[in-house]
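Handing you a structure now.
Chain naming follows the written order as A, B and C, and within any one chain the residues start at number 1.
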Amino acid sequence: MPSERMSDEKRSVQFSRRKFLAGSGATVAASLAGCFGGGAGSSGSDSVKIGFVLPFSGTYSFLGESIVNGVKLRLDEQLDGEIDGRSVEYVRKDTGADPATGASITQEFLQSENVDFIVGPVSSAVAGAMKPEIASSGSAIWLNANAGNYKLVQDNCTKYHFRTSFNTWQTSAPLASYINDNIADNVVLSYANYTFGQQSKNLFREEFENVGGTVVDEIGAPLGTSDYSSFLQEIENSGADAVFSFFAGSDAVNYIKQFSSFGLNGKMTQTGSGFLLSADTLQAQGTAALGMYSLLHYTPTKQTDRNQAFVDAYSGQYDTTPNVYACQGYDSALAAELAVTEAGGTETDPMVSSLAGAELDSPRGYFKFKSSTHDPVMDMDIRQVVEADGGVQNEVVETLTQVEGPTWGCDL
Amino acid sequence: MAIEGVAKTVLLGVEMGMTLVLVTVGLTLIFGMMDVINFAHGSLYMLGAYFGLTVVTVTGNWWAALLVAPLLVGLLGGLIEYFSIRPLYGRNPLYHILLTFGFAILLHGLVTEIWGGQVQNIATPALLEGSVDLALFSYPLFRLFLLGVSIAVAAVLWAAMRRSDFGIVMRASAHDSEMVDALGTDVKRVFTAVFVLGSILAGLAGVLLGTSRAVDPGMAASIIIQAFAIVVIGGLGSYRGAVVGAFVVGMLNAFGPTFAPQFTDALLYLLMAAVLLVKPAGLFGNPEGA
Amino acid sequence: MSVRDLVGRHFSARQQSDVLSGRVRVGLFVAGVVAILFAPFAQAVHPFWMDLATHMFIFALFALSLDFVFGYAGLLSFGHAAMFGAGGYAAALLIQNATASALVVLPVAVLVGAAIAALIGWLSVSARGIYFAMLTLAFAQLFYTVAFNDIPAMLLGLEAVTNGDNGLVGITSLTLFGVDTGSLMAYYYLSLAMLGGMLALVTRLANSPFGRVMQAIRENEDRVAFIGYDVDRYKIVAFTISGGMAGLAGGLWVPFNSTATTAMLHWTTSGELIVMTLLGGMGTLWGPIAGAFLVVFLEDSLSAIGNWEIYLGIVYIVIVIFAPRGLAGIFRTVRSNPDPRVLLSKARSALATYREKVFS
């Protein structure tokens, strides 16, 4: 029931906040000690410091909190707050999804807090602003837990960047052959007109045309549109048999609900990048989303032992099922764990070498950091929305194994 | 575009327009009466949706939400007017917009704290699901219901303002509140009543649109700018202006995507600026009412 | 002769009705000295304090620009973000493509801000009060949409100019006489100098005949027109000056954060600015500076705790109702009535007025 879930979420937020506040006293003391004691380099040789550059207020706050939950599940609950004998410290600051704030927080974390790892951000725009700082500093490893813009790797790729999330190619293009083979050979594209949406539809289009399909039309709507009626008219008028879309958050909810209410669900098959139909939007989309396909690297209902263990642990800790953001957080923690353990310390360059080409035991399935780009090579799930007790959920229809994607000229 | 397409788009425009009327008519009446620009109007709309969500969760009945949520919002609006706007009457009217802006911030924070930041939605009631066949095309039943409710509310309001005692007092107070006060009516009570009425309308819009659209804390900010644009275009304080303005913007939203999908936002602001430049008081506004 | 007399003589206001009374000037002078000495202190203890302080200085400058037109000339602008953002983007594009010299970038940012303000002002000036505010809002949102969709790139056939929702990143810091101002301390002093300079300039302006006319316009526009002044022209000039200052703030903000993004142009930035100005105390010039310091500090320190919007919202609402002259007003009342009993009775009478207005 929605209210239970609502209070679940709230409880999980309160829980993590309480835990953080308990820990923050120690953190503040530690950082102050660092200041007054003329703090040498990294925060002491026997601790690992992780800085969260994430949104904790506004539209994306739920995503930010989910990522933190994922990290803490691994490091606090499963590893008792230690990696290889070193205690783990956290600092967190709210980006509010503003790139300028993200850049300044990153500066602070690198120069003043001396973090070893930076986990975040949620928004690709913030990531773009963070990148120059992290690249020139070289004192911390960046575990990119959600920003998928492929240009982060294409333009001046930096070895300190490790993506524990995905890139926009992976969440769009691989669906092309599946659609062409199983659903329709002609599609119309609809998307939110900003970088993420544009990239997704462009990359999908390229791949779809490569495999012999036809793109009938492209319809872009301004980001934040709440009423898609006219755009849906255009989509219907295109006469295509299937739609590939990119929308996220409240846009995704509005789009899908209205798509269904106009009866388009019966006329065309709706598909899209996973964020269109993900755990955080499905509850609101409800039965309007039934039968729709999406592509994402993490599905909570995936029936593998590894995932089940993760889902059980997460639900036990936070009273709610994990989502893709939590998984990305969890994998970031796995990466930090691996880096420190293998490198025998928190020196950045040895950690970079340990992580490049390394595999993680991720709940999502296969996961490996590609040596040349530090982007993930991972399994992608094609899911379909089905009924489940009390609502709807994604069911994995097919898993594409070890999906890589282009290197865009990056060779680290 | 084929004739069915055009007809459907026209209906879309009318429906979107009338829906916007619900949101904006309260805003314009409040300004007309009290010179108060209610920046928190979008927040009241948002609270209508969230109260509706809670009522549905608790009672399982959408119709109960439709009844209760707007009343709750009205109550809240009344409290806000009573305790924070009343003390400001007589001051420079710009203070009202400053105050209500503060409420917009506060309410946004409260909603995020109480209901959480993730996106939600009020499930469409079973009775109103599905589409209706309208000869040339089919149209969602719920949207027709929305259209019907908006037209009914607008009509009742219009009649009430013209005919009822309260309506007459309201219009008189908008025109010259001092005189009305001198004649013995407690103008302050009238103001509160108008604010409550405007809040109820905003709350009603919230429940209705919270069903056909996403519910999240950002919905206040996105509706308030549109609402401002509409009342400015129509004329601050003019009921007729709000209706016409909403209608124009509804049509813009309906036909815009066909011709210039990327610029539908920009078109709205251009229109707003254009009207303000040519006739600052808006299409039906009273030039004295600045 | 005490130090205070000595200092006071240099900073005494010429007339009683001058903006920034003698006492306030002394106070500001002291504050300035503290600020100058603060940097080396912070460098030794916790360098990142300078980062926060610079953030405060830049927004204080931004708030000052709004106070000049609003608190002072009575023109509420809901679109100051447009000039702030325009100055910022201009600085970003210059630094990326031409030069990072502060002597070029900052004046250009000022000019761009002023030009945008002149345009908006000229178009909007015939509207009064709330309509003027709405117009500035509309224009600012237009700029936002233009930047978000990167319309300049579309028009010029380039790949990216404003770079849409990703903005311009990796903007290097300004150089002043060949010296890189990228270090925390250098940028601190640069921003402080800009703030101080602008404050002095604005005070001079405010006390000049031009400033007097502006104050008169705020009090009673029609009368000033009847006397024979071209009110519209004065308004446009004031708005332009204000826009130039906002542009300067933007030009400082961008290299500081190494990014220029559409958030700078969004109406919520204008809104945040209004909160700062009001909390500080409109029309006092130094009040909004204090307001900016307060809001920046609160947002930073509360962001770890959680929903700062609730706390800020409540504080703001209470101040609007009970202390409309903001911090400056409270400070002034306390200063002129040092006796706590008098203050208490003032507070009580304020509450009584409130009760009367609400419950009667």
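Assume contacts are C-beta pairs under 8 Å (C-beta built on N, C-alpha and C of every residue); 3 or more make two chains touch, one makes a residue touch a chain.
On a predicted model such as this, the values are computed, not experimentally measured, just so you know.
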item: Chain at maximum distance from subunit B, centres defined as averaged CA atoms; value: A
item: Pair exhibiting more inter-chain C-beta contacts, A-B or A-C; value: A-B
item: Rounded Å distance between subunit B and subunit C, as computed from the means of their C-alpha atoms; value: 33
item: Length of the line joining the C-alpha centres of subunit A and subunit C, rounded to whole Å; value: 37
item: Multi-partner residues of subunit B (each touching 2 or more other chains); value: 112, 262, 265
item: Residue list for subunit A, restricted to those that touch at least two other chains; value: 57, 193
item: Per-residue multi-chain contacts in subunit C, two or more chains; value: 149, 306-309
item: Subunit B to subunit A touching residues, read off their complex; value: 1, 5, 8-9, 12, 16, 53-54, 57-58, 112, 115-121, 123-124, 131, 138, 140, 142-143, 212-219, 222-223, 253-258, 261-262, 264-265
item: Contact set on subunit C toward subunit A in their complex; value: 45-48, 51, 55, 148-149, 164-167, 169-170, 253, 256-259, 261, 263-264, 303-304, 306-309
item: Complex contact set, residues of subunit C against subunit B; value: 76, 123-124, 126-131, 133-135, 137-139, 141-142, 145-146, 149, 267-268, 271, 274-275, 278, 306-310, 312-314, 316-317, 320-321, 324, 353-354, 357-358
item: Subunit C contact footprint on subunit B (complex, rising order); value: 37, 82-84, 86-89, 91, 93-95, 97-99, 101-103, 105-110, 112-113, 221, 225, 228-229, 232, 236, 262-263, 265-266, 269-270, 272-273, 276-277, 280-281, 290
item: Residues of subunit A touching subunit B in the complex; value: 1-3, 6, 9-10, 13, 57-62, 193, 219-222, 224-227, 229-231, 233-234, 237, 249-254, 257-258, 261-263, 280-281, 283-286
